[in-house]
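Input: structures, listed below.
Consider the two complexes below, in which chain A is the common component and chain B and chain C are the respective partners.
Our next item is the complex of A and B:
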């Protein structure tokens, strides 16, 4: 009477996912401290503190959240859960956290040896993660989201390889003629191949599922990954061969992201049930931030005005973070509720009470104020300190939200009473 | 048969409503859940709590999930 071939242990243990999610606000707190005390340094492109801040945002927060979400979503979207999830998530999380801390410290304190440590930890974490996940994505089940996830994981792998090459340059303080090209390829792969690709293909599944919207068109699902891969590959070839009109490929990528932003916003705006939900606010904010990021990037290409480029990078990070926070607002209560229900506990609260909407909405508005001050800080650098202060409160509350959900789960699973059937 | 049409319910309402219905299910009763997706996590909750289910997709692409706690009931007979 069970469905054919379904593993009944679909969901990974709660700890396997939440350890990634709870680390995200910790890195957010570290980043906020940097913003408060070193605003001018962070806003100086290529300054070691600026590079620390960028990696805290994209590795410690965005990628940490995305890997945690993949641990949860792989079983649902891929049909095959990650094997030995507790052990594997512990290995990946530990290596990834230590690697990120080593990289941030290497930039901040100028300790060259730490770049080698970073390469070992982050390289191992990403290679290990890719070799576990990629075979699962090539299983019996196949659909566009899985194909998009394959490209994203492969891009993460390439990003890591390029990162290791750059780390070895920083460690030896010898920079090849190709250093600038490697750096551009490194962040292009990270921002487009890894982050944008994964967010778009996960959105194709979850926006419709979470918010009862009309589905994305099949054309989008089939073709976006192909066009992005071609545009990104050609951009990198153009970079290394110093051919003209490299910006043409940027424009293709920008056009696709604009299309994604418009279609997602339209779907969310015309969703069937307009329930007031902080997670959907995070998605709206994410789309708005993506629009600003793309606009400022185009502005920086046209006018060559450096602050616009900084603004674009920062808002892109905030876009990804906003979407991830929106996803976490759904995933964390679901995980707690699901595991307690699967174990048959009577005291299982309704999902909306696990992290109260009121607290999620406060987190949202604090995030908006952090994003706002960050966004205008390239024009008024001292405002970055204010953004940092706002970030401290935002990530402090986020940490508290996740911790209380975690504690609730453990409290009920230790002290709760098991459900008995009526009748 | 208790019918739950969750096709226009926002996640996670379909799961919450169905699990609540499952908890209060009498021996011979059957829940008929209509969903726009196949709710895999629901199957795990039902199975781990001594229930049985049968799922199938109709021509209009809706998923139909029949749930009971009586192992003697042949859920395939309840297909609509």
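Our next item is the complex of A and C:
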């Protein structure tokens, strides 16, 4: 396993990663259209359009970006690269994209059969991804990041199983007494077990090393995953057995996430590397959005006001998206540079000429305006249309950024001149 | 033991690079050049410690000649080429080029460091056992 981990395949083929990243803004554009034309429906909790919007955000954008990033980071963080990356990424990407489209269409157009199609495609994509990735995370050498990644992938698997159970209920229109509990367990596993766990354990490595900050404490790295797993498991048991004080476990989870937010913000603020970089802005924005999400969630628990819970969910998605966009802004130019440079092309541009920092910063401010209008839309619902318009421009530019990087790569790899070594 | 010693050295090199980058961003050119030269020397010394002592001992003990250590040597070559390009950019006052190359260099270096810290050093620690202390001593002496 170790030999494979440090083989010549330092980075997967560029297509294996970029196909996920380029799909993200496409789903962003679809979501933005929905926000422009159906703001009231999206802001109505449990409305089919609202469920479509939530799944576009969490599946089409957040999970799509995270799976793409895992294809890139697995060999570095996980110790061994994903085997046959081109073929496997094609299978997973196709199934995942079709599954997400089927689910969104099933909710929007009320076509029950599409829930079955969703279960087949999304279920296959996630089970296939988990069965490839999980064995790679169990080697002789182990560390906290690997353990965190294991929990995240396992949680994604459980999220998919619960999703399939719910999809079968929607398809047959017969909802069991446990439907609400399954739904809560489904999104708790997705938000905490999958998204939060992966972001935190990647942050523990990436923030310290890329921005040259003081390290996160060993206690954090070692114990957060354990506490989260225990709190999440007990919350689900409490839910299904209707025991009182379930909120206690929510508070444990919220406390850990607040700790992560404060610690990360502090580390980034006091980072040694001060060179202006849009990815740091995305991290800061992400931490701010996480704080708002946790605050509104606590508000929803105290006041029992459903729109606050919806707002918390949307803000949580924006937090994850902000971190992912920041990382994509680094990964994409790096991959283009790395592959061209490793192939010996003389025309290999520096990273800042592949996606200029100026364009990344414009994307950042547009993302901030999208997030801002989304956040205040529960008070003024028509502003969600404005958020949608801002989202259209944000994801349009993001799509353009990725496409031009991809085109540049292909142009140089086809027409570029390679260094010739004599002797 | 090896992990802690080498990880601390990685961080010391990162700090030197960051200081050089910050000095250049603040247009403190002479200071940036001085700090970069220190970083250049420290990083090359780190690679040399690995290639001349750590990796060779690991290879002798395990018989693993063409495996992870070989891959790390290959990455050292790529990183050394980047170090030279940045030095050239700095010496010829091409500061935008320095920052441009530095961005990809830093990602490549950190990915390399992560692989070493998470996989290779723990393996070397396991292989050397109590001889790890002697190895750290040898590495320290190489600095003198």
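Here is the rule we go by: the second predicted complex is superposed on the first by the 413 of 423 C-alpha atoms of A that agree within 3 Å, B and C clash if a C-alpha of one lies under 4 Å from a C-alpha of the other, contacts with A are read in each partner's own complex, and residues count from 1 in each chain.
By our rule, a contact is a pair of C-beta atoms (placed from the backbone, for glycine too) under 8 Å apart; a residue touches a chain by one contact, two chains touch by 3 or more.
Since this is a predicted model, take the numbers as computed values, not measurements.
Overlaying the two complexes via chain A brings chain B and chain C into a clash. By the document's definition of touching, both partners, chain B and chain C, reach A:273.
Of the two partner chains placed around the shared chain by superposition, chain C is the only one that A:353 touches, whereas chain B remains out of contact.
Legend: residue contacts after superposition of the two complexes on their common chain; A:260 is shown touching neither chain B nor chain C.
By the touch criterion defined above, A:249 lies against neither chain B nor chain C after alignment on the C-alpha atoms of chain A. Contacts of A:141 after superposition: chain C is touched, whereas chain B is not reached. When the two structures are aligned on the shared chain, A:281 is found in touch with neither chain B nor chain C.
Contacts of A:77 after superposition: chain C is touched, whereas chain B is not reached. When the two structures are aligned on the shared chain, A:343 is found in touch with chain B, with no touch to chain C.
By the touch criterion defined above, A:399 lies against neither chain B nor chain C after alignment on the C-alpha atoms of chain A. Overlaid on A, the two complexes show chain B and chain C touching the same residues of chain A, namely 2-3, 6, 8, 10, 76, 209-210, 212, 272-273, 275, 330, 333-334, 337-338, 341-342, 350-351. Interface residues of chain A facing chain B in the complex, by the touch rule stated above, are 1-3, 6, 8-11, 75-76, 209-212, 271-273, 275, 277, 330, 333-334, 337-338, 341-344, 350-351, 419, 421-423.
Taken in their complex, chain B has these residues touching chain A: 8-12, 15-16, 19, 23-27, 36-38, 40-41, 43-45, 47-50, 52-55, 69, 75.
Those residues of chain A that touch chain C in the complex are listed here as 2-3, 5-8, 10, 76-77, 79, 140-141, 143, 145-146, 205, 209-210, 212, 272-276, 330, 333-334, 337-338, 341-342, 350-353.
Of all residues in chain C, those touching chain A in their complex are 14-15, 18-19, 21-22, 25, 64, 67-68, 71-72, 74-75, 78, 97, 99-101, 103-104, 106-108, 110-111, 113-115, 118-120, 122-123, 126.
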